Amino acid sequence: MIVIENLCVKLPGFSLSDINLRIKKNDFFVLLGPSGAGKTVLLEAIAGLVKTAAGTIRVNDRDISRLAPEKRGIGIVYQDCCLFPHLNVRENIEYGLSYHKIEAARAAELFGVLVDKLGLGRLLDRKTISLSGGERQRVAIARALMIEPAVVLLDEPLSAIDPQFRAELQHQMKRLHHSTRTTFIMVTHNFSEALSLATSAAIINGGRIEQQGDLMEIFKRPCSRFVADFVGMKNVFQAAFEKSLARVNGISVHTGAEASSRKGYIAIRPEDIVLSVTRLDSSIRNSFMGTVDSVIDKGFTCEVCVSVGDTVFNSLITRSALVDLGIEPGRELFVSFKATAVHSF
Amino acid sequence: MIVIENLCVKLPGFSLSDINLRIKKNDFFVLLGPSGAGKTVLLEAIAGLVKTAAGTIRVNDRDISRLAPEKRGIGIVYQDCCLFPHLNVRENIEYGLSYHKIEAARAAELFGVLVDKLGLGRLLDRKTISLSGGERQRVAIARALMIEPAVVLLDEPLSAIDPQFRAELQHQMKRLHHSTRTTFIMVTHNFSEALSLATSAAIINGGRIEQQGDLMEIFKRPCSRFVADFVGMKNVFQAAFEKSLARVNGISVHTGAEASSRKGYIAIRPEDIVLSVTRLDSSIRNSFMGTVDSVIDKGFTCEVCVSVGDTVFNSLITRSALVDLGIEPGRELFVSFKATAVHSF
Amino acid sequence: MKRDMFFWICVACGVVILAFILIPLVQLLIAPAPEMMKKTIMDGDVRAALRVSLSTAGAAALISLVFGTPLAFFLARNNFKGKKFIESVIDLPIVIPHPVVGIAILSVTGREHWIGRILGDLGVRILGSHVGIIVVLTFVGMPFYINAAKHGFEAISPRIEYVSRSLGASMIGTFFRVTFPLAFRSMLMGVIMCLARAISEFGAVVIVAYHPMNAPVMIYERFEAYGLAYSLPISVWLLLISLAIFLVFRMLSMNVKGAA
Amino acid sequence: MKRDMFFWICVACGVVILAFILIPLVQLLIAPAPEMMKKTIMDGDVRAALRVSLSTAGAAALISLVFGTPLAFFLARNNFKGKKFIESVIDLPIVIPHPVVGIAILSVTGREHWIGRILGDLGVRILGSHVGIIVVLTFVGMPFYINAAKHGFEAISPRIEYVSRSLGASMIGTFFRVTFPLAFRSMLMGVIMCLARAISEFGAVVIVAYHPMNAPVMIYERFEAYGLAYSLPISVWLLLISLAIFLVFRMLSMNVKGAA
């Protein structure tokens, strides 16, 4: 269990304010946020590499906030790997061993497991300078896990890697996490990467935690406009609430529950919006006629913008659906979504 | 019409060999390739900024290969924008005007159109240093188009921009392209970006053009293993051909046509592979029973790996299908795909 | 982040070094009485020596600017065989012992050497002349200007010049509209460094031209002839000039870092 | 890519500058006859002077290494108020006119100053001693070492040290296992630059210690007493030493760039 309470960091031109986080032992936790949100600074504060102005960090009930970085037992893996360029791959991985009382047999076993799981067998005697981006990242991960830290901090480990190799490393990281008792805390700005790896997460923006909890819960129920935008909630509208109805630019939208305030926002995920040529005869409560504005091809899927009066709905559909429905700009069709798909805040 | 014939560039440690390209007038052409493939060097060769060792470049039947860059009428937009930091936004956009005989009225009109279409109105008197990545890129595009070049070269204009703003700029670029008579040549390593913007493309790797033509055609019928891997053809298998059958690790796969050689590869796009719990009673010719190896969550879609004997098929399905079919590792199910979805090469 | 032994070792070394540099300079500045300083500057010989120092160093900096700028730009933008050799040659004057510079210059400007004969025929005298001082100061100062200007040009992405050319500007047009405004501060810093180096030179000057006497030579002469006390006031005046130049340079270099 | 006027201006300036630097040096190297060179080096006084130059410069470089390394590392890794001031102070000796350096050192080491009295009580003499030469050479040479070492340390990402610490190494352990191996070449280059600067110094040395005579002072003395011809051979020997040091430095700096 990692408990961070009221952590503050003041750097010139940037600060982290009042960070509170609880991360379960052996969790795969993701810190999500746009660039400049303070993700890396937060990791470095946890590792003891930047000075904290206030707050405590406890790992398994041990307060580590005043310890030197080398006493914390927290590994860190940077985006740019930071391998030791004067050492070869094996020496890099084994660097930390001399500072830890790990039995030789146990160390050899762990070394074998890491090398095997990360596919580093053929690279052990190579100079680090000759490695590819993905190989460097795998060496950095092995090096951090070699000393069996309580926590390993991963700073956007996938973002510097060619897209083709990302899936593979993602897979390896997932398997590694299952086979160790180390807690993984990963930073990313990519929501779908987070979805593939983690179950719980925190959203950070401007040095503050915006939301934290179950990842799907954050995805479905963003607690602020920023979180909604960031996780890809494209249909965010200002609304006036009347009981379970929300009025948006003259349209009445059924929501699943009564709103607690009179003014606010509603949001609908693009993939929850169904397009159809005829009005749907179903349990769907919201259905509006509109005109297709534009179609943005996204490869496997398409984003269709449909105007209903002054309101533009954004719907994500598959390519085959696009062809089957004959959707093109100017065409009139129905925009439908369930009341339970409407999230108000 | 842009015709590039036998273009060669020799740089220390890298060379472009024997580049041949034909790009239609007013086309939106995409150069696709992994990092280090030589995309930027090719653009700079076209613009006259690196020395060419051999070959000719003709734009609208005028041989420009020996002209100084300033005589070619080719605009260039770099990934890092390269705005002139000592000039404000307006001065940047108008930089090229003094070197071109463009009537004042025409220039003013064009300026208005570019500022409007790219949403730069409020930024004109700003210092470039205070702009965001997306704003900088839009200024760079406006600056290049302001002198009405025959061709504009775009070097990964979207990659340095935060993902949230990419769609918007993509949209603006598409509209701009429609409203000018300039040919756009864009470099990218992102296949889905290419699909959303362009219709024709060339794939470049290791300084050579691997394939060129209609983008969907390249997507569906990659001509080499590299292109197949690059555009995301995940199911690429070595096969021995017998008439219209392909034998892969003991499985017989129906292909649509007779093969011209005895040995080669077959490829099937992940989204063309259908998963089902019972054998499908349909026109589908290929159907095999297999076991689910793993499921990789990709956010909106999932990648499911299914082993059929020693062969692993990769299928891309939606999340809802995953839930409906109750797919999880270890489960047995059917892998089916149409003979026409099998591409052999 | 406790302060460990390593931290205190660093601080101790820093204090020792700062004291080593500052104490002699501060002592020098406070040694002569203010009236003495005033009397010194009223002395025509002293004023003439300072004038010689400033004017010859300024001329050296100007010559470095004019001839050095195109070379610095060329080196910053091109890679070719022999570039390392040329860069090494440019750095050479920095490492050559100062009296040797003077000896080397004299060895080609005497009557026995063809260059000396040409100069003689043109009526140009090197030994004991303003021209001679300017020549040696240019020799020792130019590398500082060329290196600073080169770094300034290198810091400008060639792509920004490429963009300018793709927009229709010629190479020369691009240099004056884009490169020069962006490299201006680096070039100015180079000029100042060249100036500072030229003003501080003594060993090469004393060989080529004991007269017309510049300030460092006068300090040496007074020290030899009358002792430490008589050399102090003019030393302070020269030190103040050097410090002023250094201050300007520092302010420029801080702004460069602030803007980047 | 035609070669335009701009290109030819650059080339012309390059040729002029290279000729200006190389012709005097080459002329100096070929001026004395080989027998003369040999006779000079057999002269005990000359050998003693060269020995003084090398040993005092070596001592100055060593002192700079020992005291300068912790300070350079500290400045490379920390940002604090007054850092710019400290960096300016470290650069100060570079711009101070050479005789003024000597005068400043003498002004605090004489009997009238408390430092001079402490030194006197300890039996340390500055005026006209090896120690005095080492002090002024350290003063002029140390900034070169500190700046080179600082750049070397700055080029190493602090993150690589962070990683080492997260793996359990202390700050001192990290310095010796990671930082030092990576910065070794920069530090060596700094030592060589400091050495080269110290060997070339004349103006400060001639004030503090005419005797024991080092090589630059001997060149000056022979030039003044016997004329150009008699100062040439020893100038050539000193030049050759400087060139050898410079060559080692250049080779090191090329490898650094090659590896990066």
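Per-chain residue numbering starts at 1, and chain names A, B, C and D are given in the order in which the chains are listed.
Assume a residue touches a chain if its C-beta (ideal position, glycine included) is under 8 Å from a C-beta of that chain, and two chains touch if they have at least 3 such contacts.
Quantities reported herein were computed from a predicted structural model and do not represent experimental measurements.
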Chain A omitted: connectivity of the other chains: one piece
Pair of chains ranked first by number of touching C-beta pairs: C-D
Chain A-chain B separation of Cα centroids, rounded to whole Å: 26
Centre-of-Cα separation between chain D and chain B, whole angstrom: 55
For chain A paired with chain D, centre-to-centre distance based on mean C-alpha positions, whole Å: 54
Per-residue overlap in chain D, given as positions that touch at least 2 other chains: 4, 170
Per-residue multi-chain contacts in chain A, two or more chains: 48, 68
Touching residues on chain A, where the partner in the complex is chain B: 34-35, 162-164, 167, 170-171, 189-192, 195-196, 229-230, 271, 294, 296-301, 303, 316, 318
Chain C-touching residues of chain D, taken from the complex the two chains share: 4-7, 9-14, 16-18, 20-25, 27-28, 31, 67-71, 73-74, 84, 86, 88-100, 102-108, 110, 113, 115, 138-139, 142, 146, 170-172, 175, 196-197, 199-203, 206-207, 215-216, 219-220, 223, 228, 231-232, 235, 238-239, 242-243, 245-246, 250, 254
Touching residues on chain B, where the partner in the complex is chain C: 12, 44, 47-49, 68-70, 72, 74-76, 78, 80, 82, 84-86, 95-96, 98-100, 140, 143-144, 147, 149
Parts of chain C lying in touch with chain B, wherever the complex brings them together: 79, 157, 159-160, 162-170, 173, 177-178, 181-182
